[in-house]
Amino acid sequence: MPVHLIVNGKAAQVTEPIRLSEFLAMRGLDPDSVVVEYNLAIIPKEDLGKTILKENDRLEILRFVGGG
Amino acid sequence: MSGGGEQMTDELKIGGRDFQSRLLLGTGKLFSDALIPEIVTSSGAQIITVALRRIDFESETENILRHIPRDIQLMPNTSGARNADEAVRIARIARAAGCGNLIKIEVIADNKYLMPDGYETVRATEILAKEGFIVLPYVSPDLMVAKRLVDAGAAAVMPLGAPIGSNRGLKTKELIRILIDEIDLPIIVDAGLGKPSHACEAMEMGADACLVNTAIAGARDPVAMAGAFGKAVQAGREAYLAGPGTESLVAAASSPLTGFLHENSTGAGRSG
Amino acid sequence: MSGGGEQMTDELKIGGRDFQSRLLLGTGKLFSDALIPEIVTSSGAQIITVALRRIDFESETENILRHIPRDIQLMPNTSGARNADEAVRIARIARAAGCGNLIKIEVIADNKYLMPDGYETVRATEILAKEGFIVLPYVSPDLMVAKRLVDAGAAAVMPLGAPIGSNRGLKTKELIRILIDEIDLPIIVDAGLGKPSHACEAMEMGADACLVNTAIAGARDPVAMAGAFGKAVQAGREAYLAGPGTESLVAAASSPLTGFLHENSTGAGRSG
Amino acid sequence: MSGGGEQMTDELKIGGRDFQSRLLLGTGKLFSDALIPEIVTSSGAQIITVALRRIDFESETENILRHIPRDIQLMPNTSGARNADEAVRIARIARAAGCGNLIKIEVIADNKYLMPDGYETVRATEILAKEGFIVLPYVSPDLMVAKRLVDAGAAAVMPLGAPIGSNRGLKTKELIRILIDEIDLPIIVDAGLGKPSHACEAMEMGADACLVNTAIAGARDPVAMAGAFGKAVQAGREAYLAGPGTESLVAAASSPLTGFLHENSTGAGRSG
Amino acid sequence: MSGGGEQMTDELKIGGRDFQSRLLLGTGKLFSDALIPEIVTSSGAQIITVALRRIDFESETENILRHIPRDIQLMPNTSGARNADEAVRIARIARAAGCGNLIKIEVIADNKYLMPDGYETVRATEILAKEGFIVLPYVSPDLMVAKRLVDAGAAAVMPLGAPIGSNRGLKTKELIRILIDEIDLPIIVDAGLGKPSHACEAMEMGADACLVNTAIAGARDPVAMAGAFGKAVQAGREAYLAGPGTESLVAAASSPLTGFLHENSTGAGRSG
Amino acid sequence: MPVHLIVNGKAAQVTEPIRLSEFLAMRGLDPDSVVVEYNLAIIPKEDLGKTILKENDRLEILRFVGGG
Amino acid sequence: MPVHLIVNGKAAQVTEPIRLSEFLAMRGLDPDSVVVEYNLAIIPKEDLGKTILKENDRLEILRFVGGG
Amino acid sequence: MPVHLIVNGKAAQVTEPIRLSEFLAMRGLDPDSVVVEYNLAIIPKEDLGKTILKENDRLEILRFVGGG
């Protein structure tokens, strides 16, 4: 059963409840270079494998970029 | 705002850490983040700003942090925030991401001149200072806002010299001068400085540091320009400490005022 | 007036000799000539002006030359001269005294503002250039006078930024800009520069060098101020070569213009 | 901010009333209030500020109101107020005293530079606008404060050009320019204008009016200086409406570029 | 250089004639010479420059003189002259043509910045003054050239504020200030004044008059702009005579320094 | 019995309860040229004769002066 | 026999020796609105009818125009 | 017999014709630190001992000092 998510403000879905670390891997993202906010809470790198995505979860996947 | 003293120990103190360099770097708009190490070296900067943005899944972009040398102090900014709450949220994410507790508050709701919102900035500063952040708020050079930032627990005040990215120089000199005179925190001129002479002038006036981004990133040779800003900031600081002479409306001979070959000369001028 | 090119080879050429430093020092009004070696070291200057005066039999004064390091290029000035003939006479004495053939022409008949006399300066330049001097005339920033100096064989043109010793800064910017654009000789801004930022700005505009005296001699700490000027001149030169970005009337974000957390954001500003 | 249009109908609209004059007068520091009628006449001013103070029982002073011509619009200020509540109290007293409902909000807690407190000023504006006052707040030229004043119901925004009474001129030009561009209320430059040329420049930039006090009261001849300011404000306004030409870095001949007597001349310059 | 005195008798004296207006008009680059009468009226100018040119047989152009009101003093210029001899020749033709003996000397050999040649201008002035001309030379603001012009018999000195037609303003303030202080002839700022505030500032400094052309001819509405310049010149003159107050770095309250309702108040600030 | 007042922030007293208009007259003040705040309320000119001063009243007597 | 002239720096000619006033008329010029320099001497308006053009004469025909 | 001189613009005299080098020594001047102009001609250091002062000679004895 598909899981519906809001990722960076847009609708997204995965086919089954997977771990956050798996989601990042699917998107080709290195956990070391992103910051993940999961339902408004920041997830430490070491906990990415413990969190399992469920219906209506909201994800913000962020990165540091150049800024002044 | 700083006193004088021995140059040996003339350090910029921000949040309990001492910095030898008084030039802070922004990293926006560089044509390649790979330039950062060279820019850091040429400028001597020890504090560097970065921003936080959503990943764009369509375009592959690198993590800027891998280009920033280990010993550099990161200072994430809250750019993108339109009010205090958003600024607070960004600050917390940045700290959670391991960037340390230095944060540049930037709250902007005006899209044309990018002028900061002093009221919301004070609010965000208050909240974040209580949470243990070292808060450096970016503001218009308004004395009463600066006083409120002192009360709110800011670690420095960062007034703008001109609109962000305009390269127009130290256009708010008159107001920054007042902050330097009245506010007992480091004053770091941020935004608008377009040339090394602008930064040098800010330092001569007694500013404690300058933050530069666009003027370096937009130069034909950013590495060389970063070096130029580094020297200019140092020159301005040293001049401030060296105690400049006074201006005069008329001339004052720099060669002796006895004439060269004129009896009883009261002085034919000479230069310098 | 100089081109750009590799910094390695960015040297100031005066009379066939190359100089790494673009700061020239005046030695007037120092409270002790014994400071000169330290000032030379801190500033990095390689060319130094001195004046020639009658001995005062009543007061014992030292010979300044013994304080000037060996490898420094001396540039005697003709201060005290009120017309071309006197300037020529002083130049010849200076050369005969073993100071080499570099000469700064300074002809002044106005005692209040010490403004140079362009007409007499052109005449003296003409005579001395023919006699093999390397002539650096000090003048008002007047394009037609500068053109005549080129024809007269000057090795550089030294326009004033403000009256001698006034510390007022680059007040004649508008006219110096024209000399830099139109005159195919080194332009050395002389007189009036009161702070390192003034010298830095002159260099950013494309001036080839600056001569500073009063601003250093009149500082509380002349050695530190000389160091500040040295760095500022270098900063200005490097900025000139690095190709500064352009000014804009409105802001230009230095952090990315996508909002932080706003869907479809066209950009909440951010700084630099 | 203002549009252009026929000069016939170029009036300053404040609180539903039209004014031909764009110079507002302050009445502080005059050596005699008896000068007011002459100053009003020479300047053409139609709006005049006064302050409210406790009677000093020890010294006999006159009521300033008897020197102010009948047809002049009074604008009491809230000077002496250190926060919004005090400003509101003063405004109410002034209105109750029969001075009408125009009020200049001035909230100052800083004794050295007399810089206004934007936050408290917004608060006072909000309260008084709701009570039917025509509110003209005196503020630092901060865009976000000005936007809040618009929301609070202000009738105009009065940014400072430099600290009160300093005569330093339009030092905050860069920020006032932004208010003129972005704020849809009359912008009246208040404080710091020291010479008629400063007021003229503010008007040329598009300011809607200027308020002048110290520069007139402190002149050797206040009546003549008031006349000068009146003309300068008008000149600046007319220039703004007349659409000035553009600046150029090089020259542009004002006499024809065909030479006078030179065949095939591409132009020997000529002036203007 | 003028003194003060009663405004009734504050007239500009040039060559034995008194003028009430201190604004001189150039007539170049107007889109139609038919505007001249209106411009003269709106500005109040009494002296007007014209140039002399070869007839172009291919294009029918009118004689500008028929547009210039009878009572206006003509001042032909020598534009097109590249040296003293050509200037002399033009001056003689102009006088022979019945334009009177007022002449503006303009000798320019530089095509980009149109900078005048001081040396040739002095020569032409000498010759023409001996022939009975009232000579107004246009020059760079160089003190020694101005002193030679005094000796040569000039009736006024007309230093440039910025390159001709550039509209850049009073960029040579520093040097013009010296002429005003030292030269005992009327100083008329000519060239570069782009806005009424520039002319106003020149007059406040003590200049005796201003000559304006491009800023008026290039405005969208030249008649209105001429009126603005007329008022600004008058405002500046009146301010000069009224004796402006002094500048201060800190604030000086314009409302009384006793607080409004504070016991023992040492003063909460208030504005102006 | 004396009546104690605070006038312009300072202690003052009158020997008996008098009208505000009388108080002003005693101090030599023309009612047309002053503004009177009585216990934080502004007193219209026409009511000065109706108000009788009593113990602990607070008066602010103000005037318009030059200001910028 | 044609008369060769230099008029305003350019070669010109007339078919026979004519008066200056006639030359101006031929060119459609009103003597009141021009200034004529004839072999480096300025010719007063009243003398235009007295001067007869001859071989190699140099004429400058000038007018006042706008100038600053 | 005294010799009259003009030294640095002022009248001076020596009791007999002496050498320039002797004159300098009498005045306590080190020949290495001064420049001597003798009747408008500059005298090289090595010639100071060869020049003998005579009636009405004009001497300029100069030194380098600080200047800008």
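Labels A, B, C, D, E, F, G and H are assigned to the chains in the order they are written; within every chain, residues are numbered from 1.
The definition used in the following text is that a residue touches a chain if its C-beta (ideal position, glycine included) is under 8 Å from a C-beta of that chain, and two chains touch if they have at least 3 such contacts.
Every value quoted in this text rests on a predicted model; they were computed, and no experiment measured them.
**Student:** In this assembly, which chains make contact with subunit E and also with subunit F?
**Tutor:** D
**Student:** Counting hops between chains that touch, how far apart are subunit D and subunit E?
**Tutor:** Shortest path length, in steps: 1.
**Student:** So the centre of each chain is just the mean of its C-alpha atoms; given that, what is the distance between subunit C and subunit H in Å?
**Tutor:** 35
**Student:** Averaging over Cα atoms per chain, report the distance between subunit D and subunit H in Å.
**Tutor:** Using C-alpha averages as centres, the distance is 71 Å.
**Student:** Among the residues of subunit H, which ones contact at least 2 other chains?
**Tutor:** 9, 60, 65-68 - these are the residues of subunit H that touch more than one other chain.
**Student:** Could you check subunit B for residues that touch two or more other chains and list them?
**Tutor:** Correct list: 26, 28-29, 49, 51-54, 77, 79, 109-110, 112-113, 115-116, 163-165, 168, 191, 211, 213-214, 217, 254-256, 261-262, 270-272.
**Student:** Going by the touch rule stated at the top, which chains touch which?
**Tutor:** Applying the touch rule to all chain pairs gives A-B, A-C, B-C, B-D, B-H, C-E, C-H, D-E, D-F, D-G, E-F, E-G.
**Student:** If we count contacts the way the header does, which residues on subunit E are in touch with subunit C in the complex?
**Tutor:** 109-110, 112-113, 115-119, 140, 142-145, 147-148, 162-163, 168, 171-175, 178, 181-182
**Student:** Please name which positions on subunit F make contact with subunit E in the complex.
**Tutor:** Interface residues on the subunit F side: 9-10, 60, 65-68.
**Student:** Show me the residue ranges of subunit H that touch subunit C in the complex, using the header's touch definition.
**Tutor:** Residues in contact with subunit C: 8-9, 27, 29-30, 32-35, 37, 40, 42, 44, 60-68.
**Student:** In their shared complex, at which residues does subunit C touch subunit B?
**Tutor:** Residues of subunit C touching subunit B: 7, 26, 28-29, 49, 51-54, 56, 77-82, 86, 89-90, 104, 106, 108-116, 138, 160, 163-168, 190-191, 194-198, 200-201, 204, 211-215, 217-222, 224-225, 227-232, 234-239, 241-256, 258-262, 265-272.
**Student:** Which residues of subunit E touch subunit F in their complex?
**Tutor:** Residues of subunit E touching subunit F: 254-256, 261, 263, 270-272.
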